[in-house]
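In the two assemblies presented below, subunit A is common to both, partnered first by subunit B and then by subunit C.
On to the complex of A and B.
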């Protein structure tokens, strides 16, 4: 029964659009699921490997731009573009990893911040490729029929199903990855990097591998962002605060848990959307506040704490 | 040649203020081993404080430094005591994340209260620049440079000549040994955090007539500040001063001779190169 629970939850999630037609509610759901996949991706590196990255917006932006450019220039349908966006994210993550992983702890974090800023400036100034600060706009999405039904891109339901599948796949990928051998490498690196190296783990390779997976998942989510909002510019998809929000969702939800980012995203992204709906801004006040409260009183995150409480009762 | 001298002068003037912010971050790092991501917000709060005391009460921003600096010193000590102290034993990554939260909180409360509008503060005597040797020197920046130099020199004397200053340096070299010598490390940390905050805020007060101010200005200043302290070696005060001046000059020369668009990228590339090849900083000895 306990084993079947995640599958039932996944099925229920995918059936939500059948029962709910309130577009605002679906929009909140889409945002929550997008942040869930981003949180899961960030958590692989930041939680399991203990490498706090402040530069994940670079992969997000690379994915978003890849998807948009492939569609606008070559007419490649955005769903293939999303996968390629992930691949581009993973590809740029390899040199970044090889450079930044020479540094440890807070120094690593600062270097990822610098790399992400360099990439943002390149995107801003490489106008022939990215259209510079003006950004890229998709005016209409191509026609798709599925089981005889034409997909209506003006409604939220199709996006909900896409991002729900994406979030579920990200969680599954993360689950399988950390349970396998590479996951144990990450635990060893997190606890004591020198000791990990001494017992023969190629720590750089292990870290670059997990970064590539994390960047792939982030890039795919970036592609989804492009598809859903149909507009990207360097100051929306390469922003430092975007990287920081990914960190917050994973930390507030619970580092080193698969369920944590879900809880973090439900908590924070819902607040964000409600604020955006009513007041236009101000949600980041709560992000900051929750971050401080969680680090002070619940260092294992909300979900981490709940899980421990459940385990203790049994 | 004239353009070169002009950008060199501009670079030195802004660089002196960068240096001051960098020194603030580096003394905090030296004593507590924490990278304070909320440092940029302290500069921002300094800027807004001077802005409001000018707009509401017509107090000259440079004059207002007399009361804003001690106030921010106290605010910094309180921040340490009530917010940070409990976090530090949790390790450096926890403090990094905690100060990231604090930074986001402060910046967005400011955004909520003061809106995202760009504001400027125009001083009546700042309209025409001085022109020694045909080089234009903006008056507010020149005054800020002089005051920043005085404050930094004052800090240097404080750390070098007074008992508390010596205690700060001792803690920064080795906290355990300092504690064994009877230094109250808690108290030293609190004073240091107050000092770092006061330096950041006074840089903000001095910068306000020369820079646009808006609630999220701290983000870009913080990133510059990292570049500076890494260039000079984290924890080194002379390094931060040299790094600040260097960044100021590289930025203004880069804007003239390389490209305005990539002016900020030069700083980041330098930052990465130094982190990778000379992690002890440009001027530090190998540990």
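On to the complex of A and C.
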């Protein structure tokens, strides 16, 4: 019964658009699911491997731009573009990893922040490719029919299904990865990198691998962003606050959990969103304050704490 | 041919020559003690052999194969395992997980890795503490666990960095017995140590270094009477 629960939850999630037609609620759901994918991706590197990245917006933006550029220049349908966006995210993550992983702890984190800023500036100034600060706009999506029904891109339902599948695939990929051998190595790296090397783990390779997987998932989500909003510019998809929000979701939801990012994403899209409405850019202060409170009083995150409470009752 | 041959090993840190043209061999099946006053470069030698530092110059060979310049994980896979002077457990993992991870790198099979972890942990006397977090062990326990973790990598040569430091008299006795047992199981041991009485008793041979250079090499009884060694430790008489 307990094993079947995730599958039931997944099925219910995919059936939501049948029962809910309120476009606003679907939009909130889409936002939550996109944040979930991003939180899951970030958690692989930041939670499981203990390598705190402040630069994941780089992979998100790379994915979004790849999808948009491939569609606008070459007419490649955005759903293929999303996969390629993930691949581009993973490809740029490899040299970044090889450079930044020479540093450890906070120095690594700061270097990811710097690299993400460099990539944002490249996107801003490489006008022939990215259209610079003007950004890229998709006016209409290509016609598709699925099981004989023409997909209506003006409604939220198809997007909901796409991002729900993406979020579920990300969670499944993360689940499988952390339970496999490379996932066990991440625990050793997180606990003590020297000791991990001393038992024969190629820590650089293990970290580059998990970064590439994390960047791939982030890039795919970025591609979805492009598809859904049909507009990207450097200041929406390469922004530092995006990177911070991914950290927020994973930390608040629960580091090293698969379900945590769902909780973190719901939290970010609801309560945190209220603060954003009221306080404009002051909401970042709230993020920081809230993260401090969580780290101090709920170090395992909301989901981690709930899970422990449930386990203790049994 | 010796199991490990170190020749002309040199390492500079900026203007400081921490290890200077050091050469020594380790024969298969022996316990070799590497001693010297504080700051002599003993731990640096370990870090050079295990790949945590790159030599400025010189050559390290295991069974005739050059291993200098390899990354630590590659050195381990070639058959040299180590422990650390300041213990480095995986603190939040259980004792069993700490060791089975090391076995997993080699074994490729969780069942086998776990069996290997239980075997080596029993060997070091931690068979009854398998499922406690590593951070709950005493210092002596963590040092034993680190030895088990090193053994689980399947080494031919085991480098122990101050395995006796911080242990009480009783624990020291136990650890000495354990080191001899490890040697008797066919694994060559090199240890860096400050506890002179113990090292003189369990080592077959002792290499003494001072300011990064070798000043004596021989059986413990000969080395303690070597005038150079006495000067290094106690200074010159009447000075």
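Things worth noting here:
As a convention for this text, the second predicted complex is superposed on the first by the 298 of 314 C-alpha atoms of A that agree within 3 Å, B and C clash if a C-alpha of one lies under 4 Å from a C-alpha of the other, contacts with A are read in each partner's own complex, and residues count from 1 in each chain.
We take it that a contact is a pair of C-beta atoms (placed from the backbone, for glycine too) under 8 Å apart; a residue touches a chain by one contact, two chains touch by 3 or more.
Please read all numbers here as calculations on a predicted model, not as lab measurements.
Using the contact criterion defined above for the overlaid structures, shared-chain residue A:240 touches subunit B, although it does not reach subunit C.
Of the two partner chains, neither subunit B nor subunit C is touched by A:154.
If you count the residues of subunit A touched by subunit B and by subunit C, you find the higher number for B. In the superposed model, A:285 makes contact with subunit B only, not with subunit C.
Contacts of A:184 after superposition: subunit C is touched, whereas subunit B is not reached. Look at A:203: by the touch rule set out above, it reaches subunit C but stays clear of subunit B. When the two structures are aligned on the shared chain, A:195 is found in touch with subunit C, with no touch to subunit B. Once the two complexes are laid over each other on the shared chain, residue contacts for A:115 go to subunit B alone; subunit C is not touched. Counting contacts by the rule stated earlier, no residue of subunit A appears in both its interface with subunit B and its interface with subunit C. Partner subunit C is touched in their complex by these residues of subunit A: 181, 184-185, 187-188, 191-192, 194-204.
Remark: subunit A residues 50, 52, 99, 102-103, 105-107, 109-111, 113-115, 117-118, 121-122, 124-125, 240-241, 244, 247-248, 251, 281-282, 284-285, 287-292, 295-296, 299 touch subunit B in the complex. Contact residues of subunit C toward subunit A in the complex are 50, 52, 71-74, 76-77, 81-82, 84, 88-93, 97, 101-102, 104-106, 108, 149-150, 152-153. The residues of subunit B lying in touch with subunit A in their complex are 35, 83, 86-87, 90, 92-94, 96-98, 100-109, 111-112, 116, 219, 223, 226-227, 230, 261-262, 264-265, 268-269, 271-272, 275-276, 279.
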